[in-house]
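I am attaching a structure below and will ask some questions about it afterwards.
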Amino acid sequence: MQQILDALKQSVMIEDVRKQRDDLVFITVSEAQAVSAITHLRDRANFTHLVILTAVDWLEEGLFQLTYLLNNPAEKKDIGVRVMIDREKAQMESIHHLWPAAATYQRELREMFGISFPGSPRLNETFILDEGWDGPPPYRRDFDTLKYSEETYFPRPGRSTNDPAEYMKSMLYPEVDND
Amino acid sequence: MNIGSIAMGAGFLLVLIGLWGILTRTHIIQIIVSFSVVDTGVHLIMVAAGYMHQRTAPIISEGLAASDAPSLVVDPLPQALVLTAIVIGLGVTALMLAFALRIHEKNDTLEIKNIERLRW
Amino acid sequence: MRSNDDFLSKKIVPGVEGDEIEVDPIRDYYCDAVPQVSREYKRAYPSIIDRFKNWARSESIWILAYGSGCGAIEMRPLMTPKYDAYQYGIQWRPTPRQANLLMVSGYLSLKTLRIVIRAYEQMPSPKYVMGLGSCTINGGMYYDSYNTINRLDYYLPVDVYVAGCMPRPESLLDGLELLKKLIREGKGHGADIYAEKFEWYKANQKKILKSWNMPDYSW
Amino acid sequence: MSWTLRILYALLTLFIVMNVGLLLNGVTRKIYARVNRRVGIRFYQPYIDLVKNYSLTNLVTHGVMFYLGPIFRLTSGVGLILFIPLIYGSQGFSNFSFSGDAVLILYFLFFGTLGMALGSGESGQPHSAIGVARGLAQVTAAEIPLVLSFLSVFIQYQSLSITEIVGAQQSGILQWTFFTNPLAGVTALLAFLGSMMRSPFDVVLAPQEIPIGPPTEYHGAFLGVLQTNRAIFPVAKTILYVNLFFGGAASWPALIPKAFLLYMWSVVVGTVFPRYRVDQSIRWFLKVPLALGLLSIVCIHFC
Amino acid sequence: MVAMFNPIYFVVAGLAAAFLLTLFHNRERLSYFIMIIALSLMMLISLAHLASFLAGTGEIVQVFTAGFAPPFSINFQMGPPEALLTAIVSLVGLLSGIYLSEQLRKTGAYAQAVYIVLVMGMNAMILTRDLFNLFVFLEIVSIATVGILFLSRSRTSVNTGFTYMVASGLISVVLLIGIVFAYMNAGSLNIDTLSESLVMAGRGGSIAVLLITLAFLLELKPFPANGWGIDLYTSAPGALSALISAGGMSATYYALAKVLPVGQWSHDSLVAAVGGITFIASQIIALKQDDSRRLLGYSSIGQIGLLLVVLGFSEALGDRRDFIAAGLLITHALSKSILFYISDMVQDDSLRGWAALRRKPVLLVLFGVAAFALIGFPPFPSFFAKWDLILLLNGGTEGYYLLSAMVLAGSLIEAVYLFRWFSYALKLPHEDLPELASPTSRLIAPVTAALVLAGASWYVSTLVSGFSQSFLIPVAFILLVAVIDRLPAWSKNVISIAGVSLYIADLYPRIAGDLMTMIFAGIFLVGAVLTLLSGFYYKGRRAGFYPMALTMFAGLAALIEAATILEFFWGWELMAIGSYFLLIRGKKSMPHGLSYLLFSIGGSYSILYGFSLAAAGAGGVIAMSSLVGISVMPALAYSLMLLGFLTKTASIGVHIWLPGAHGEAVADIHFMASAILLKAGVFGLITVLLAMGSEAGYTRWILLALGWIGVLSALLGNISAAFQESAKRLLAWSSIGQLGYIVWGLASMSHLGWLIALGYSVTHFLYKGILFLAIGGIALKIGTPYMYKMGGLIKRMPYSFFAVLIAIITLSGVPPLVGFSAKWITYNLIISEQLYYQGFVILIAGIIAFLYLFRMIYTVFLGQLKDNLRSVGEISIWFRIPMYLLLIVILVLSFLPNTLLRPIGDMLSGIFPEEAIVWTGSRGVTSLGYFDGAMIMYVIVGIFVILTILFLLLRKQTQKVKQFNIFYSGEAPSRPELSHFSYNFFAHYRKAVGALALPLVTGFWDRVTEIIHAVSDFIRRIYTGNGQTYLFHIVLYVVVVFLVQSGGYR
């Protein structure tokens, strides 16, 4: 694993390395070098399989973290490439030329996070917001789903929410005063 | 063995020689020559066919009265035929030679194997 | 942007006779009549024949099971020897055309709601809807989801709710008994209510199914 | 016999046969459930279902053929029962069997199939068409042993008239065709399975794959008509087999148990065996039943 | 008057003109004019003589040169054969001269002189009665031939010209030696004197005769020593080839015919053998040929081979020999010249290049005339010639059965390549048609040839005994319609209908008593009227349709009217022509039309052979009654006839033409081809079976085979129909199946069987008529026959749907419609005649019919309506009218099946005396069972009506909905195409029993074709193109034939 990283360091500036297991490493690279790092991993280090491409909304930092999880099926190794991108701009270079399947992940990210991947095929077609959606991208953390739900889906009055632990305690041991 | 038989044998021999030439020579001029040999052979056969022993040529002249002719001369008809055949043979040979010229002009060769052919 | 939008927009098709045909899928492929209230519903008192019919309807409930959530697993035991709902005149049908009771067994996202509405509308009336579990009652644990409905009765006329998360088969049988009772009493008029308050239901449905691209009523 | 009386008898026949059919349906399903260790439906459940279906208030129709399809089907069932001489020796319950003989019945079986196929076809429902395609393919295969066994019987008795065939079997149980021509009888029993739309030959209706096939779009009163026919038609078919192979019957009490037992034959097989794919069932019919049928004809021909 | 046209003027005119031409060699127009004048003069002379001979006033003219009588001088004889042949030669000479005007003018007066001499030489060869003179003119002809080649200056002409020279030189050597020896032995060169002398007595004499015969045979280019001659056809200009093929061949052929008597006909078997081998081999070789000229060359040689056979069998043919030879020769000469002329106009030498003819329809017509004439179709002389030839070969005291079979086989192969070629010209898809050089001046020659051919056809037909001239009346009517082909379709339609109606009115009183004839006359002629009625649909001219349709109907009518087997055969062939042209009108019909025609020809040759055996048995009598009780190889004769008719009923084994041919035919043609035309086969079968009876021992096996053929046709036809994607093909396969029932019924040779057959013949006509018109109309309307492109049309075409529904219920035999009666009789037949095993398959086939019937009505009319069909209207009213007329008949017959079956049964009682069905009113009773059509109808309709009324009384709220209002798992179907289940409808069935529908038969015929083509390719390898090889062939041929023949003397 270390050789792979060393080789990668020859061409790419790796900002952070986090070893999860012997066969799983997460590295962080800059937005500009991400695609070349991934290309390197795919072509030189035999990480031929894109397991997943997903995002994390770091609302407070004003960043989206994209994670490209790559897999080397021959050596049974995984490497996660993290890229932090600007939340305001929310745009990243597409990697559909490396894996055609990446386009599907990118469509999903576009639909749910509002991250744009210029050039990715069928980028603006939706998966699940088919029925007409006028809110912000629903997976962004600044989107208040409860408020949206209450405004949209006719909440039944009188519904109350309990803390499950407290509620179960009170139901199971009513004689104990929980306050 | 009279002269008629000899002539006829010679004629057939010539025909065979000519045929051999036609079938084995690949040069067109040689084929034409062979053809002439065949022709000559045939003419010889014809004359031989009309030959009657100890008779003379069917030419009415001072030495041969017209009245005696039927018993003294050979059959005149084959001779007439030969004349015609020779004429025709000549024409054919001439035409063949003309063809040879033209073939050379068109194909730049006189080898029968090399001239362009139609087949199948 | 929907991936199948172009199937439902108008299009010009070259006809076989050299003409050009404008195809409006909504108008040409579908019947766009709205449902009507039945004569039985209009009658003040059910006639004796109506009572007989209602009895028959109550004793022969054919279910179209819509297994959208965890409730799907609770319906299956009804067919097993232990519960055997057949003995109560309850049967399952594979097509809404032949079913009377639509069992919605859990939360409905926007997409599944559309399908449920279509299936419901294709059932012959009188037809009944049963909502299972808290998800259909008030959204249950999905109460704050951005694309899951909270109350089924805003979109379809629900006859019986069976509470629970999820309700066990016994509760379901209980709910079915209740439904049978309602039908016998002549209160199984969901389809008529749906027809009567058609605009209201449609408005609610269209409020959340914003890109509504089918006729108002799926015959 | 006057026409009025004839029609009255016909109505009576229909009434009896329909009730028999509905009860048979109910009892069958009850038995089926008991085999599964369930309580099962009430034996009169088919009646309720029938009433319920007729009582549904609105119908959806795709066109004339769709509308008439079930009626074609029911006409076929009703016609079939009326063309079969039900009770040997009873003029009244011979109904309209003077119109034609066994061949008429054999071919009239298809009348309803065709009408139903056309009706469900007009709905534009692809699953119906798939179901019909499967059904036709399977029926043509099942017809092969059927035709062979019937032919064998016709040859045996040198007659196409059902009444005559039944008459020849009256002198005792051992005179039944099933015993005098056992090969044909067995073939017919195998062919019978193919025509009853029960497992292992019910992929035509495959409820989860092609929502019950041909009648997918039929509902309400249409379905009621089909159910009515479903009560009459198998009984009529069964009675035909009873007449040809099991000595017919001289009275209703003799007829109904025979019909019931024969009906049960398909039920028992259906309960035990899993389903065949269409191509498998076609091949199956082309193996043992075909061989048996040919053998029966050879026997009749040369023995 | 004839004296004015002394035959010597041939030579005089030729030589004088040649001489004059050299004088005027720089006056282009004048010299050409002189040539034409001279040629016309020759033509005039021969025509004058011919006319006087035809008029019966002619006398044989003998011309003696030098004023002596033969044998002392050369004499010309102008008898009838000479008149005919010189007429042909001069005609072709003149026509070619006109055709070649441009080239001849360009090459100059010398070429024109040579040309004149060539024609003169040919004529003189025909006229002269002197052996040596014959040799001289032969030499003149060959020198003139190569002379023209020489002058044409093209490279290939020069190269082949040389080989030709040497080869003909060699042959003349053989001839010359022969002549000399003949003279030696007989002392004369006059043919007539030689014939009377005992030239054969001496050893040398026999060799002489052999050599002379051999020389002329070689001049006729026998296989395989003919490479030099074929190259000539390939390299010479077409018109010259025409002259060589038509004129030179005729002249040489006649020369051979003249010298054969010299040898007392001792070499006739040699001539026949050489001819036979040449005929077969040339046809086989031509099969693989792709160069049009070369193909014509092979074909010419093949024709000559056939003529040699005729010559060789002079003895057997007797006084008909000249008729046969003349018929063949005229046809050959004229049609070959037409083809050679056309080949000149087509720039592309390959066969496919002839698609260019589509630029000029008149050339296509000429091509067709030539092709059909060559194969021996009526009304051309070769038809009668071939008929006589086969009849006489088989009919003599010793029948040459194998030989006549080979002649027919060779003709069949000839038909293969000629019509393949013709169909290229008609139908080959071509991106851009090749160029065609056809100025009007060039059309004169082929058109004239065709007109002369037509005239000859008419004249020849008057010479034939056993052929009524009244059969020419329809042909005249057809010609009339052909002449007005430029008029709009409807007017021709009216005229045609009027013509057919008049004919019906004329025919009816004559056949009024004969029900069998009436049935078929009804099918043929009422069918004709209905077909034509639907033809009103067509706008525009519909060029060529009407003559061909009428040809077909004329053929069908001739079948009915035929009093002799010749007339029957005439009708049969006429029908084949007409139907071929109708079937080939479809878009992709090329290969199918061809296979149809080939199977037709194969079948008709088979029939011809059977007929010839029949005539042989009857001692040459050719009345229809001669078919009864054939005494010469009856089993073979009947089998062949049945086989021939089975090709038309498209029974299994010989069915492969039908699906394609019918599948590509357009609507009304499809109707007539299937509902009507196939019945001609049935009519033929009935005719033969009636004559054959079932008493003789062999009939049992024939009938057994026939029965199984019918049964298998029914089964496989129906199964295959279920797997078709094209509705038309489906119907076509269904026809195979239906005809299978008929064949089976006939084969049972019983009352009930024939009742089925005749009943089916009628009902098949009715319901197939409806189906073809409806499906054809729809296919025409929406431009595709593929069912998966249709769907939901019930909404757009309710009337068609109803008609089709009734038709398929009838077809499937479901009560209460009339189809059921056939099924019922089938059961009765199976049991009463003990046809258990066949019968069982027939019954299964009947049930399988449901598969394709449902598929057809569902995928076309039900299911989802496609977008592009949303606005399509009902099919044309002109299709619906005949459809509904047929429908009414079906309904009437359904109510009262006895109206149809009872009279047929009564009529059949005359043939099969058993009383099979007893009718009381509408109730029919057999010994086995009973059925009452009317009662069934009443009961079923009654139940149906009552149930419908009850259902309507339920009074539900009923909502009419549209096509996508279906349960689709809660989703909406996206496109109609995707929710129309149609393609590969019976996939599971195919999986289970698809093996039965494998194209094994097609594979078999493909393999046969392949093998013949491989043989062809193998044989033609001897033509290496090397002149020396060809010379070697000649020498070897002489040696081998000499050894074989002289070996025969010892």
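Chains here go by letter, A, B, C, D and E, matching the order in which they are written, and residues are numbered from 1 within each.
Rule of thumb we're sticking to: contacts are C-beta pairs under 8 Å (C-beta built on N, C-alpha and C of every residue); 3 or more make two chains touch, one makes a residue touch a chain.
This is a predicted model, so every value here is computed, not measured.
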{"item": "Topological distance between subunit A and subunit E, in contact steps", "value": "2"}
{"item": "Contact-graph separation of subunit B and subunit C, given in steps at minimum", "value": "2"}
{"item": "Mutual neighbours - chains that touch subunit B and subunit D alike", "value": "E"}
{"item": "Central chain of the complex, centres being mean CA coordinates", "value": "E"}
{"item": "Comparison of C-E and B-E (more C-beta pairs in contact)", "value": "B-E"}
{"item": "Maximum centroid distance from subunit A, chain identifier (CA atoms)", "value": "B"}
{"item": "Computed distance of Cα centres, subunit D from subunit A, in Å", "value": "62"}
{"item": "Chain centre separation (subunit A, subunit C; CA means) in Å", "value": "37"}
{"item": "Euclidean distance of C-alpha centroids - subunit D vs subunit E, Å", "value": "54"}
{"item": "Residues of subunit B touching at least two other chains", "value": "none"}
{"item": "Residues within subunit C bordering two or more other chains", "value": "36, 38, 95, 97, 114, 219"}
{"item": "Touching two or more other chains - residues of subunit A", "value": "none"}
{"item": "Complete list of chain pairs which touch one another", "value": "A-C, B-E, C-D, C-E, D-E"}
{"item": "Touching residues on subunit C, where the partner in the complex is subunit A", "value": "1-3, 109-111, 114, 137-139, 143-151, 154, 204, 207-212"}
{"item": "Partner subunit D, residues of subunit E touching it in the complex", "value": "792, 794-795, 798, 801, 805, 809, 812-815, 820, 823-824, 827-828, 830-831, 834, 836-837, 839-840, 843-844, 847-848, 850-851, 854-855, 857-858, 862-865, 926-932, 935-936, 939-940, 943-944, 947-948, 951, 954, 956-967, 979-982, 985-986, 988-989, 991-993"}
{"item": "Residues on subunit D engaged by subunit C in the complex (per definition of touch)", "value": "33, 36-42, 45, 48-49, 51-52, 55-60, 207-208, 211-212, 215-220, 223"}
{"item": "Subunit E-touching residues of subunit C, taken from the complex the two chains share", "value": "4, 7-8, 11, 13-17, 19, 21, 23, 25, 28-31, 33, 36, 38, 95-97, 114-116, 118-119, 122, 214, 218-219"}
{"item": "Residues of subunit E that touch subunit C when the two form their complex", "value": "781-783, 867-873, 957, 959-965, 967, 969-976"}
